[in-house]
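Remarks on the structure that follows.
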Amino acid sequence: MEQVIMNQLSYPILSTVIFLPVLGALLILITRRSWELLTKWIALGTSILTFIVSLTLFTDFDKSTHKMQFVEKHSWIPNWNINYYLGVDGISILFVLLSALTAILCVLISWNSIKAKVKEFYISILLTTSFMIGVFCSLDFFLFYLFWEAMLIPMFLIIGVWGGPNRIYAAIKFFLYTLVGSVLMLVGIIVLYLYAGKSFDILELMTKNYPYTMQLWLFWAFFAAFAVKVPMWPVHTWLPDAHTEAPTAGSVILAAILIKMGAYGFLRFSLPLFPEASKAMTPAMLTLSVIAIIYGAVICLAQTDLKRLIAYSSVSHMGFVTLGIFALNIQGLEGGILQMLNHGVVTGALFLSVGIVYDRTHSRQIADYGGLATVMPIYAAFFMVFTLASVGLPGTNGFIGEFLILLGGFAANKLAGVLACTGIIIGAGYMLWLYQKIFFMEINKKIIGLPDMDIRETITLVPLIVLVLWIGIYPNSFLSFMHASVQHLLERVNAGGVQEVNIAKTILEVVR
Amino acid sequence: MNFQLPNLSPMVPELTMTALALIVLLIDLLIKKKEILALISMAGVAIVAVTLLGSSGVTFGNMFISDGYSSFFKLIFFINVILSVLISIKYIAIERVNYGEYYSLILFSTIGMMIMASAGDLIVLYLGLELMALSTYILAGFIRHDVKSNEAALKYFLLGAFSSAFLLYGISIVYGLTGTTDLKAIASFISEKGLANNFSLLLSVIFLTVAFGFKIAAAPFHMWAPDVYEGAPTSITAFMSVGPKAAGFAVLGRVFMVAFVSVKVDWVAILIPLSILTMAVGNIVALSQTNIKRMLAYSSIAHAGYALLGIITANNEGLASMMNYLMIYAFMNIGAFAVIIMLRSEGFKGDSIYDYEGLSKTHPWAAALMLIFMFSLTGIPPTAGFIGKLYIFISAINAGYTWLVVVAVIFSAISAYFYMRIVMYMYMREPKVTVTLSTSLPTDFALVITTVAVLVIGVFPSFLVGLARAAIRGF
Amino acid sequence: MKLYLLIPFLPLTAFVINILLGKEVLRDKAHWPSILAVVGSFFITITSVLPQAMAGKVINEDLYTWMVSGTFNVTVGFLIDPLTAVMLVVVTTCASLIHIYAVGYMHGDKGYYRFFAYMSLFTFCMLMLVMGNNFMQLYFGWEGVGLCSYFLIGYYFNKKSAADAGKKAFIVNRFGDFGFGIGVFMIFLTFGTLHYAPVFANAAGITGQTVNFLGWNVDLPTLIALLLFCGAVGKSAQVPLHVWLPDAMEGPTPVSALIHAATMVTAGVFMVARCNPIFNLSEIAMNTVAIVGATTSLFTATIAITQNDIKRIIAYSTCSHLGLMFLACGVGAYAAGIFHLYTHAFFKALLFLAAGSVIHAVHTNDIQEMGGLKKYMPITYAVFVIAALSAGGVPGFSGFFSKDEIIWSAYASHSSVGKLVWLMGTAVAFFTPFYTFRLIFLTFHGKYRGGHPEEHGHSAHGSSHGSHQGEHHIHESPKVMTIPLILLAVGAVAAGWVGIPPILGGGAHFAEFLKPVVGHPEFHGTHAEEWGVMGLSTIIALSGIGLAAFFYLRKTDLPEKIAKQFSGIYNILYHKYYIDELYHYTIVKPTLWVADKVIVAITDARIIEGIVNGVPGAIGKFSGNLRKVQTGLAQHYGILMAAGAFFIIALVLLLR
Amino acid sequence: MVPLSWYMMLSIAVFVIGVFGFLSRRNIIIVFMSIELMLNAVNINLISLSHYLQDMRGQILAFFVIAVAAAEAAIGLAIVIALFRNKATAHVDEVKEMQG
Amino acid sequence: MIQQLFFAYFAFVIVVLSLLVITRKNPVHSVLWMLLLFFHIASLYLLLNAEFMAAIQVIVYAGGILVLFLFAVFILNIREELRINKFIGAWPTGLTFAVGLLVVIIMSIKSFIAAPPGIYSIDLIKQETHTKALGKLLYTEFLYPFEVTSLILLVAIIGAIVLAKRRLKS
């Protein structure tokens, strides 16, 4: 096998990582409903075990090659030439790890806050984890789509069952929004499958060249799915509702992993499969990204709801990610990937943090807080670190990602780079405003006497702080994973020759 | 003139089935416990299913064709019968219509479907269709003390008779044009005489489309479906949302693909708007339903629209995908009805979607299963519904109908809303009424079968897909 | 062992210790790690780094690779050359003294450990800033000090104004950093690296190149220089981004002294000086720097004469002096700029600390409520006067030498811009002593004008200082505060002696020391002119003091009269030229309005959500209407079937 | 000799009259009779075609149609009677409990 | 010519009777007109040399089905029937589409080409007698559909009983 490096370990590590949570979910399924504590411990144990197993990926990964590693391939549905085909490369491996880590945090943060339907909740969390990891590991389109869509089920329930007051609307909106995008991608996948001589093998599909017009169509079909997930402007409006209404763990999963899938999709599929179309559509993508950055940032200034603000900030931050990806240069791409990771860590952490106070006050209104730094100083310190990471202060992970993206974006298109920079200014504006309203100024009567974080909550946040600083101070330990893969991706994108970019012409062509 | 008995071996399943129906009818006179009839029926059908294996061949001068195609459909019918009977046992007792005729009529109806699936001649096709339809009319009105059931039967009957008049008229024109009613002979006659451009032929195609469209509940011939599904006994609703629909597809596929293959372009052009309309009407009107049976009726209409894509592709792969879809639909739809039927208990209708509020709290297992079926009907992996749709879409795109698939997926996304609404009521609302589930062993059994099938096919569709492909090979 | 590494990392260690252990373990001993660390850094600077730099040895070493992405490769590395050495001396000296001072000033505050943690972190970041050998590390320190500034301005975070001020400082700085960041991008795109050495080595190569920037063809060096200067404008509080600095006075006074006078705000000057190879390539950029500096200097000096908040006056003074430094840089006299930076650090830190001492005693910032304090606080008074003389440019004091060199450099540069800024600088030379001495006279002379002591007890600071401080309780500050004051006073007087110009018999050692880094401007002037310029500015400075004495010691009612007479000008000055209001109404308000009323209310809620909810809503409505077709009447169904058949046949007939 | 087309026209006419009757009459019995009319139209068509094509299939189908018509009539009337027991009406437009 | 006249008569009467059947207010009248109609159709069958079909038309339709209808009609309330509208509200629409169908069917059927004649010429039938010819086919070639028909009739019987028998006391 030259294309990939088969799994050399004595056990199928990716399958193990994917299906351990499922196993945990099954275990929970057969426990008695009244044994809630056991349920929680099973969930925690499974997720920790998954993470420990996944660490092997981190240590055994060969950073010198772009090839897929730890590959497992088994025939699955021979009738359709579908294989059970797993593997990771430098682009996906970090997300596998992040997903596994997020699962632990989600279980921990929900420990006391989920009181109803405990069993179902942890089953949903574990299933989501499994499917998310599956999405990042799949090398077969069918398998990918299976995980991609299947994840909607537990996620729909997490938002809809354990969410806030407006949860039903949010859940259905989330579900339909993403479904509409995904089904269009499904059509695209089938077209590819048939064009490539009935193959769902992603790696094989990447080696083929597709006619330009077809690329354009397919690019937009995939765009529909990925843009909704990212979410790019103007299909972002599910996100504030879903993030806001979801329970803490749900918001964390959404922010940390789920919306990364869209950007991951661009990287894994749109760019290598449709290089010419991607290049031709770069101006459009950059425009949308810049709009998302500024729009998302400005809209944050007018929020009164804590989670909603963070949700909108995700729109802005993911705008950076897409900007980096479509900068189509190495800094942009690596920055984009790193920023996906960063955003997962930081926004995940912010949602966890919000969850911590929400458990105490049951209010998401910014106006209900104030002077919290006096009442909960440790919490304030943690939150400050995440705030700073969110505004991209040097020394935190946010800086590395944003800097690389902006550098890449600036190199690709100066205007886009300059406009995106304004997003950083506004970003500082709303995050500090938020921090001030919540932690500074006079102590709000409603929060007097709140206990500071307990051990469990601290343990939940500490890994994220470590990551924030680790990536901020020594990003190379993560960047080094990407180099080979990103380089390879760029070669693939640039191999097609530079397509002269003319938006009006391409749009006309699409219409025609 | 010597009369030679034709070779009966290809129709052993039909003969066995008829014998079974008659036996059930007779035993009904002897025993009080009607549940035994159900057992006999199911066991009998299982035996009949076994006889399918050695039954390929053509007999009665092409009037009866037993090939992979028909056998696959018969398999769907058998699964339909077994599952419907399983969910009926408790239900008809609750409805106080625990009569033995119920089972024999189901069997007769199934015989009708089998005849349709095997029909190689329009005459036989018509008679099979009538046998199926008449039995189903009766079954729809089986709860004769219930006005809704009467009404369902009446509407079904009136419109069914109306549509079969169209069928007959169409047959008469084909007969006049070709001088025969044999499907293969019609095909060869049309291509020999170059009748493909004859408007009369198209007229007859259209009339047959009307009739078959009625059976599969394709818009605008679907109007009976919601009322009849709502009024009929729930078990029968389950039965006829799968059986007659599959039979309709069977004859649609065979007649159009065999007899009218020369006018493929035309009937494809007719079926495309029909399928779009069907998906549109089914999915859109389902959005505003409050009765779950009615909602599933519209859903069933919509699914007919998807399955039509398989016919529209007008090739073997398309037919295979359509067959695959119907098989999957049988499992998921009857599964859903099995849950619905459990909600019906003495003095409680349980067919409003509001009755599902908070079901996950009071009956988590039932809710979980309903959840699986709803997601399957939506077509979300890893359930069977996704496989069904995927196969349909693959074959349609392969035939060049990408735009049609885009339409279909958009409607399928719309459909998610009403399926999700049920999930939402079950999981995200608090219970308002106390629902007691009328569980019984057979229903549980049916649920186990359908759930396992939905999930297993969802993850390992290979066997089923292979079966459908193998079945279509000799078409 | 690379000893110099300890200079930044000692404070970092102190920060970590304090943030982890300060609250529970160290409590009121939290100053020890910080002070030990910074004093340690100071000694290393003096004993190891400075001698090496004097000896002409330049250290340029990478510690580790920070970021790699393609050709983009940035390290954490250190560059120690004369410029860095000067900055290190300034930073460590001031930081050490101010740390010690703060022990007394912050005594009893409940955020004691937090204060010292932040101070240590700040010191770390500032040292990283000046010691970095590449633009990324500069940026790191740049943002880091900004962050600490944010923390420390908002130190009394329960006070809204403090929290606001911190936020304002951070965000205004972000505007500057916006340009700075883009400048860094441009540097990378132009030179392919961010290390100083190769960038500066190749800088000359880009002369005359133009680049398409946002549709305009611009001169590349000018573009880069101006973008970098944006950052400097923000950080060093130059017009138009000066607005944050006065507000920053919400922080504790030691913070104002260290961050907003001695060190952080001078980072901009440092950066311009550091980047002199780039700035030198562009006349436009240089002129811009000079004019912005001169304008700021004059502008803020005029504001300062009407203010009543003791710290704000000094803050405006800081802006003004920073402007002078930029003025120097702008005319190519980087050494003069850095020299002023160096002397300014001492006398301005001293001014702040002395002011802090006053505030510590009277618990108000308003000079109108002070008066006659000299008898209660003689040491404070003395050092205050020394600092004022130095700031005012009275000959013999440090400030005189540096300021004089700047003004002379401006005059001597052979451009019309140089002459213009010389005029402005000379005007500033009048205002500076005027407002400084106005401050002294109002504060220390005359009668105590403070009201009831209890009114002030709690308002100015946290609750920790709440005791009885009426006029009779006003007393000199403790030794831990006065000793640093005295030491700084020595600096304020004598620090400038290292740079006495040749004309006064000195050796201009300072400029010579820096020459390898910043070069030396070409002067076009005779000794006579130099004497003239010096004399003029000295006379003007002295007349400023005299006028202040006349107004505030003799005719104490005159200022009020003049203010009434020229109420228009007075109000403009008093309200700081309404710049804050301008920004509020042109930037802040419209942005918030757009966010709230346009984007949230219209774009998101109406348009996007309108479509998102509207389409399903329309489908739902359509569904509700469509279901009415299902009338329940079988014959209607039949009609529909017949109609369906009819239309299909008709269409087939028509279309085939 | 009567041309075939005459018979076919007759058949069409009767068929359409049956359609109209089906679509517009309220009385269920008459609606049933309309269906019978349509079936008879088909039969006319089939038997005339059979005659002209000199082929018996048409008549055989007509034969089955008559048989099925009888069965249909029986079941239809049974349904009407069952309905009548619950709801004393013989009008189609009064049987619309289910709609939408 | 005679045949054509006969046809013209029958055709005219059949159409008129059909219209009468569907337009009479009193269902009894409709049934009676239908009876007459069936006789005419039977006569038409005779014209087409289909004696057996004519016979069963009379026997099954007139004798069986219509009597069944009459029974049903008598159960219903005829007096009320006479008071109310005989058509549903939407009858114009029904009429429109019925006429529309008529038009389009005729337009389509214009292109009708009859298939070539088969073996059952009139002579053959006359020689073999119609009934015999038909019977032979029914019991040999068409045995299968014939048997299916038996099932249909069986179902009809069961159905009629199930649906129409009196309510069981349970």
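By letter and in written order, the chains are A, B, C, D and E; residue numbering begins at 1 in each of them.
In this section, contacts are C-beta pairs under 8 Å (C-beta built on N, C-alpha and C of every residue); 3 or more make two chains touch, one makes a residue touch a chain.
The structure presented is a predicted model; accordingly, all values stated were derived computationally and were not measured.
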item: Chain at maximum distance from chain C, centres defined as averaged CA atoms; value: E
item: Busiest interface, counted in C-beta pairs; value: D-E
item: Centre-most chain [mean C-alpha coordinates]; value: A
item: Averaged-CA centre spacing for the pair chain D and chain C, given as whole angstrom; value: 96
item: Distance from chain B to chain A - Cα centre to Cα centre, in angstrom; value: 42
item: Gap in Å, rounded to a whole number, between the CA centres of chain D and chain A; value: 64
item: Centre-of-Cα separation between chain D and chain B, whole angstrom; value: 26
item: Shared-contact residues (touching 2 or more other chains) in chain B; value: 123, 127, 130, 134, 137-138, 141, 144-145, 153-155, 158, 162, 173, 176, 179-180, 199, 202-203, 226-227, 288-289, 417
item: Residues of chain C whose C-beta touches two or more other chains; value: 616, 627, 630, 632-636, 638-639, 642-643, 645, 649, 653
item: Multi-chain contact residues (two or more partners), chain D; value: 8, 15, 18-19, 22-25, 31-32, 49, 53, 55, 60, 64, 68, 71-72, 75, 78-80, 82, 85, 92-93, 95-100
item: Every chain pair meeting the contact rule; value: A-B, A-C, B-C, B-D, B-E, C-D, C-E, D-E
item: Touching residues (chain side chain C, partner chain E) in the complex; value: 633, 635-636, 638-639, 642-643, 645-646, 649-650, 653
item: Complex contacts: residues of chain A adjacent to chain C; value: 173, 176-177, 234, 236-238, 295, 298-303, 329-331, 334-335, 371, 373-374, 377, 381, 388, 393-395, 399-400, 403-404, 406-407, 410-411, 414-415, 417-418, 421-422, 424-426, 428-429, 432-433, 436, 439-443, 473-476, 479-480, 483, 487
item: Residue ranges of chain A touching chain B (in the complex, touch as defined); value: 33, 76-80, 117, 120, 142, 145-146, 149-150, 152-153, 156-157, 160-161, 167-168, 171-172, 175-176, 179-180, 183-184, 186-187, 190-191, 193-194
item: Parts of chain C lying in touch with chain A, wherever the complex brings them together; value: 19, 23, 64-72, 136, 139-140, 142-144, 147, 150, 154, 157-160, 162-164, 166-167, 170-171, 174-175, 178, 181-182, 185, 188-189, 212-215, 591-592, 594-596, 599-600, 603-604, 608-609, 612, 616
item: Chain C - residues contacting chain B, complex; value: 616, 619-620, 622-624, 626-627, 630, 632, 634, 636-638, 640-641, 643-645, 648-649, 652-653, 656
